[in-house]
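Consider the two complexes below, in which subunit A is the common component and subunit B and subunit C are the respective partners.
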Partner chain A sequence: MLDLAVLGARAVRRAWWVLVRYRIWALLHGRSFYVVATGGLILSAAVVGDFISFVTTAGLAVSRDPLRVPLSVLLNLAAVYLALLIAVGISLERQQGTLLVLSFGPVTSWSYLLSWLVAKVLAYLVFCGVVMVGLAGIVAIAGLGFSPRLIASMLLSALTAMAIISFGMWVGSLSRDTRGSILIFLAISVVLVVIEALHAYLGSLAPEQLSGLLLPISRTVGLLSRVITWISPFSYLPRGLRALFDNDWVDYGLASTAALVYSSGWLLLAKVSLERRGVQP
Partner chain B sequence: MAIDDVIRTIGLSKRFGALTALQDLDLQVGRGEIYGFLGPNGAGKTTTVLLLLGLLRPSAGSVYLFGQPMRPGDATMRRRVGVVPEQPYLYPHMTAQEYLELFADLYGVPHRKDRIAQLLDAVNLLDRRHSRLREFSRGMQQKIGLARALLHDPELLLLDEPTSGLDPSSAKQVRDLLLDLKRRGKTILISSHILSEVERTADRVGILVKGRLQAQDTVEHLIQEVQPDAVVEIELLAVVPPELLEQLRALPFVRNVEVHGSILTVSLSPTEGKELHARLSAAITAGGGTIVQMTSRKGTLEDAFLAITETGALDWVPGVGAHA
Partner chain C sequence: MKCEAQRLVWSPPSAIVSGKPFRRSFGVLLPFRFFWMACPLALWLGLTLAVQQATAQAPQKQAGMAYQVWAFDGSSYRQVFAPEQTPELYLLIEHPVALSAHRTLLYYWPLTDRYMADWSGLNQALSGTLELLQSDHLVKTVEPTSVSLVQSGTGTSTPVVSLVTGAEAGRQYAAYRAALDAYARQMTEYDQAREVYEEQMAEAMKRVGSGERDVPIPSPPVEPPPPNLYATRPISAFVFTPEEGYYTLQLRDPSGQVVTGSSRSVVAFGPQRRGLSYTVIPEKKWTQPEQSLIPDETLYLAEGSVLYLQPRVAQEYNEAYYRRLKDPQDTQGREDRSVWVPQELVSDGVVEVVSADRTIRSITEQPYLVRQTGGTALGYTITEYHSDQTPEEQPTFRAYRLELDVRSGRWTLRMRDGAGQVVAGSERAVRLLNNKRRSWLYLPALVPAIMALVLHIWRRGRQG
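Our next item is the complex of A and B:
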């Protein structure tokens, strides 16, 4: 009897890691990962090419770190893609009934969600590896520098990218089907982007233009924007990358600690949501 | 609670808002027993299974597995249970081998390759182990689900429609597998609409109707309760004369007589002594009838199931809550 209890407890403890390995395997056996990686590399090659043609035309370099923009674009793209993938993946598992079958065994809601989160953060690092190889090729052809600091920045950004990925996990736990999770993900993202764009637009207006109704709107949007800085999943990765590129380790430390706390919050909410919704299709 | 109870529920109830899915379920299944858990669609069978596994929180009552309280989310206890749901719910992009390897890893099965080969062989799918699960028929998928549930050699098996979608030969194979598991002391709770399968395998059955356990007994007792009389169908050479009918109805061991042309359906009371068939045949011959054919009709689990679920007249069914 004791042996069975020990076996059971061991199976529960290692379930999350077995699932992590399976999810990485599934990701690398699928096509979409390579499509996104290739798309990202083409995009970054275009940005680097644009930078070089500007330098050639103007005869001067305006950036000491020309890979900063393409890298930021690529890493944000990767994080959003992985967040969408985790949202769709969790809701698909519920929809297909495979979540129910996993729950018949030694898989708890914690180990299930943790496996998704860890697998996607590891996938982010794999994506960074692919990007690194691709960018090294691009800069070698373009004759630009590729510093070890960029490599470190890419890898360290995984902590702040977790904020976006964990948000996707919560969306997945909330929805019964894949369409629902995509819609929720897009709806929340659009609201956040609209508020940020509105804030940028109103901030660009001269004070005398902010009269009548525009003034309270501007104040409200400004307030919302400040709140969004902390609650938006999309704000942590750019902040972390900025700090890394600027060698500001204090700011990076703050951003990654905040991202860890923030991701833990989503993990907790996802667990509650998964248990309230149930595991059956 | 008996020491060998593998499943025990006390007053188990589950409500979803205004809907009562399960009410006051007292279930007791002993070690090494095959228990048929029957009921029409929506009777609460799946809810019961989810409650047993701690995947749903009961509104009232308690669940004990292996003599210990089952707490919601207790995955350690679930390691000792194998479950086959009604739908196979597989990962379609994986091969049978990859799928079973994933679950063998999850359950920490030692010598997993050997165990997988053994189970695939038992369900006749060893030669298809490298085929993708999406290419499998429903019956083959069902068998992979069964192999998955047996991977970790569980003490308790919860099976929901394990033979649905299987051809007769595969269904027999699964039946033999279950009987072999029973011989090895495994406890099996089987929910199925194929009542002839349950009749052949189950030691006891429980019938759930609208969330309430309406009957629980051995298959034989249940059939006898529903159809206590021995029924005999007799074909006569000519149309039954009315006077013969009256004579038969007057016999002390005859409960009821129905006539359709030259066919007589006679219900005999088994408490009225032995050799009733011979006495009945003698009475017919004496009354001027010529018997062409005489057959006994035995009650089936299906008769009992239909009587219990459709008539709703259940007060006479004993054994509810009893542990045979």
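Our next item is the complex of A and C:
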């Protein structure tokens, strides 16, 4: 006699895999994926063009990786795009009743969320593959070198990019409709970016300029920025990329481990949110 | 089976069962709401604390002990301030270090997050004997001596700074003063000669203006060169050359007591690796040279780029140690990172340009002269220096000139020392960028669009 629990677990696994494939397939058949990749490559081409202009004007540039900036732009763009997509996707499935239908099938809240997460991380890797081809073309035209380290950096950055993607997942599980998802995602992003920008600006001022009210503000922003370094989903990918570019494997190990723990936290929160919020629109 | 599947399904949420509407279940919003509540709270708390600290404008000064250290940083000597609040001193091995002990007024300056000294309020030099201990065993005692920092080759591109002690310090300082006095005398004479020359020149111009022919043109006086020696006024300091390891350093006063606040842990460290760095002077911006410190770096050039390379010995140090050597109050350096420091110039060798394991060019070091172009327009020219052509001038710098007269490509740069051996760590990739087809750079951006099109056609083919 067959064990019903084993059969059930198998059904959940099969359903999970179907969901993962469906989500990747849906993404690859959409337009936005290619639009974002094209936009990212246009930006990269502009940055590389600027670099060539600089070298032509100055006569020289000494650099380990002139592709560092375009690659960072591309990968951050990909991670934010996928995070926004996951946030919108979950709330859309709730809004359209897909979530309700799925809840009566062999789909648990874990398998549902993990299908999103795994699909988006795989989509991130596909994105890396697509832009890698484009970047290779840019590099060949410009005469820059394309080191294997850059390819490894792109692929290994998936672990740290997961922090942004899982954050998007939590936002999606939280809100009732797509508009709410987008607003929450943008609001939190803007707050974090403004604090970071303010911190960078105040940090660039000379100590003598920090008088009056600027000093306490600078201290407070510095404190907030230090906290944000750990709580902001956007801080893990740059940290991981920096470590990869600098061949700092200890730092990369720390950043990716922290990103994994951090992503697990968002996954857990997303599960709690999803179960409390319910599957109905 | 049906029952089992129902059990596996995430239990139909209470929201469905109870029909609890979305807006009422605030529980899930808790982290989000908490974030928004916590932000202003943290801001207010931070502001309150910071304002309280900032209102204490006048710092409280306390008499304390501080060392002024003349420490070698790999290329030169620098003065380092080590108050008693910083318990560790980081020093480079194999180079003498000088410490002078002082009692002064110390205070914390919140704007820069540093301890400072009010030297004008109190500056009492402390005498006694400096003791170096290792595992509580006395390994060295150092008596104070006269110390001066001497820089020879001042005004050249390769000045050398050394620490001179004892009677030699006094002699060097006296020599510097004598050279300075002689220079002042020569300058006075030069000024007088210059005045005479200008008068003669004005007279000659007047005669030429009045139509006179064969007017002798006076020769301008030659400006005397400044002294190529600089020495600081000798001070009394404790000088020793640290060996690699961890020590404790303390000052024992003439009565035999250890001076309060004089104890420091000393970390004497050496380089982790040695290599070769390049100071790269682009002809287009000779006043803004670039540094290439590690072999991982690539030199990117454009068509027609001309470079002047100055190879230097480079040493890799622990980042935290090196930063604290330069500033004992530094907290930014990390012990798991390293930093490359360029040092003295290397001139006895040949720089090679290699392509596919074949040396295509060997370059030797030459002296060069930089001249401002005439007229009001900005600009300069860099020409090879020949002492027989311009004996009154000194070369501006010495370097290896690199010019690649091709349109694009990739090469490797390396240096062979005087014995013909390739210097370890001297390899650098050189790439010539293609600046002719810059608009073509946007073509690869079409790759995703082409992929989308291919996928779409394939899908349509499968469907129909």
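Rule of thumb we're sticking to: the second predicted complex is superposed on the first by the 274 of 281 C-alpha atoms of A that agree within 3 Å, B and C clash if a C-alpha of one lies under 4 Å from a C-alpha of the other, contacts with A are read in each partner's own complex, and residues count from 1 in each chain.
The definition used in the following text is that a residue touches a chain if its C-beta (ideal position, glycine included) is under 8 Å from a C-beta of that chain, and two chains touch if they have at least 3 such contacts.
Nothing here was measured: the structure is a model prediction, and the numbers come from that model.
**Student:** Touching A:V12 in the superposition: subunit B (first), subunit C (second), both, neither?
**Tutor:** A:V12 sits against subunit B and subunit C alike.
**Student:** Between subunit B and subunit C, point out the one touching more subunit A residues.
**Tutor:** The partner with more contacted residues on subunit A is C.
**Student:** Using the touch definition from the top, say if A:G105 reaches subunit B (first), subunit C (second), both or neither.
**Tutor:** Both partners, subunit B and subunit C.
**Student:** For A:V194, decide between first (touching subunit B), second (touching subunit C), both and neither.
**Tutor:** It touches nothing on subunit B or subunit C.
**Student:** Thinking of the overlay built on chain A, is A:A26 touched by subunit B (first), by subunit C (second), by both, or by neither?
**Tutor:** The first partner, subunit B, only.
**Student:** In the superposed arrangement, which partner chain does A:L224 touch: subunit B (first), subunit C (second), both, or neither?
**Tutor:** After superposing on A, A:L224 lies in contact with subunit C but is clear of subunit B.
**Student:** Look at A:G97 in the shared chain and tell me whether it touches subunit B only, subunit C only, both, or neither; answer first, second, both or neither.
**Tutor:** In the superposition, A:G97 touches subunit B alone.
**Student:** In the overlaid three-chain picture, which partner chain does A:V261 touch, first (subunit B) or second (subunit C), both, or neither?
**Tutor:** After superposition on chain A, A:V261 lies in contact with neither partner.
**Student:** Have a look at where A:G143 lands relative to subunit B and subunit C in the superposition and call it first, second, both or neither.
**Tutor:** second
**Student:** Quick check on the output: what are the common subunit A residues between the subunit B footprint and the subunit C footprint?
**Tutor:** On subunit A, the residues that contact subunit B in one structure and subunit C in the other are 4-5, 7-9, 11-12, 29, 100, 103-109, 275, 278-281.
**Student:** Where on subunit A is subunit C touching in the complex?
**Tutor:** Residue positions touching the partner: 4-5, 7-9, 11-12, 28-29, 31, 33-34, 37-38, 41-42, 44-45, 48-49, 51-53, 55-64, 66, 100, 103-110, 112, 130-131, 133-138, 141-145, 173-174, 176, 184, 188, 191, 207-208, 210, 215-217, 219-220, 223-224, 227, 247-248, 250-251, 269, 272-273, 275-281.
**Student:** Under the definition above, what is the set of subunit A residues touching subunit B in their complex?
**Tutor:** Listed in rising order, the residues are 4-5, 7-12, 14-15, 18-19, 21-22, 26, 29, 96-98, 100-109, 111, 275, 278-281.
**Student:** Within the complex, which stretch of subunit B touches subunit A?
**Tutor:** Its residues touching subunit A are 46, 50, 53, 55-56, 73, 75-83, 85, 87, 89-91, 93, 102-103, 105-108, 148-149, 155.
**Student:** Touching subunit A in the complex: which residues of subunit C?
**Tutor:** Of all residues in subunit C, those touching subunit A are 1, 4-5, 7-10, 12-16, 20, 22, 25, 27-29, 31-32, 35, 39, 42-43, 46-47, 49-51, 53-54, 110-112, 280, 282-285, 288, 290-292, 294, 296-302, 305-307, 336-337, 408-410, 429, 431-435, 437-438, 440-449, 451-452, 455, 459.
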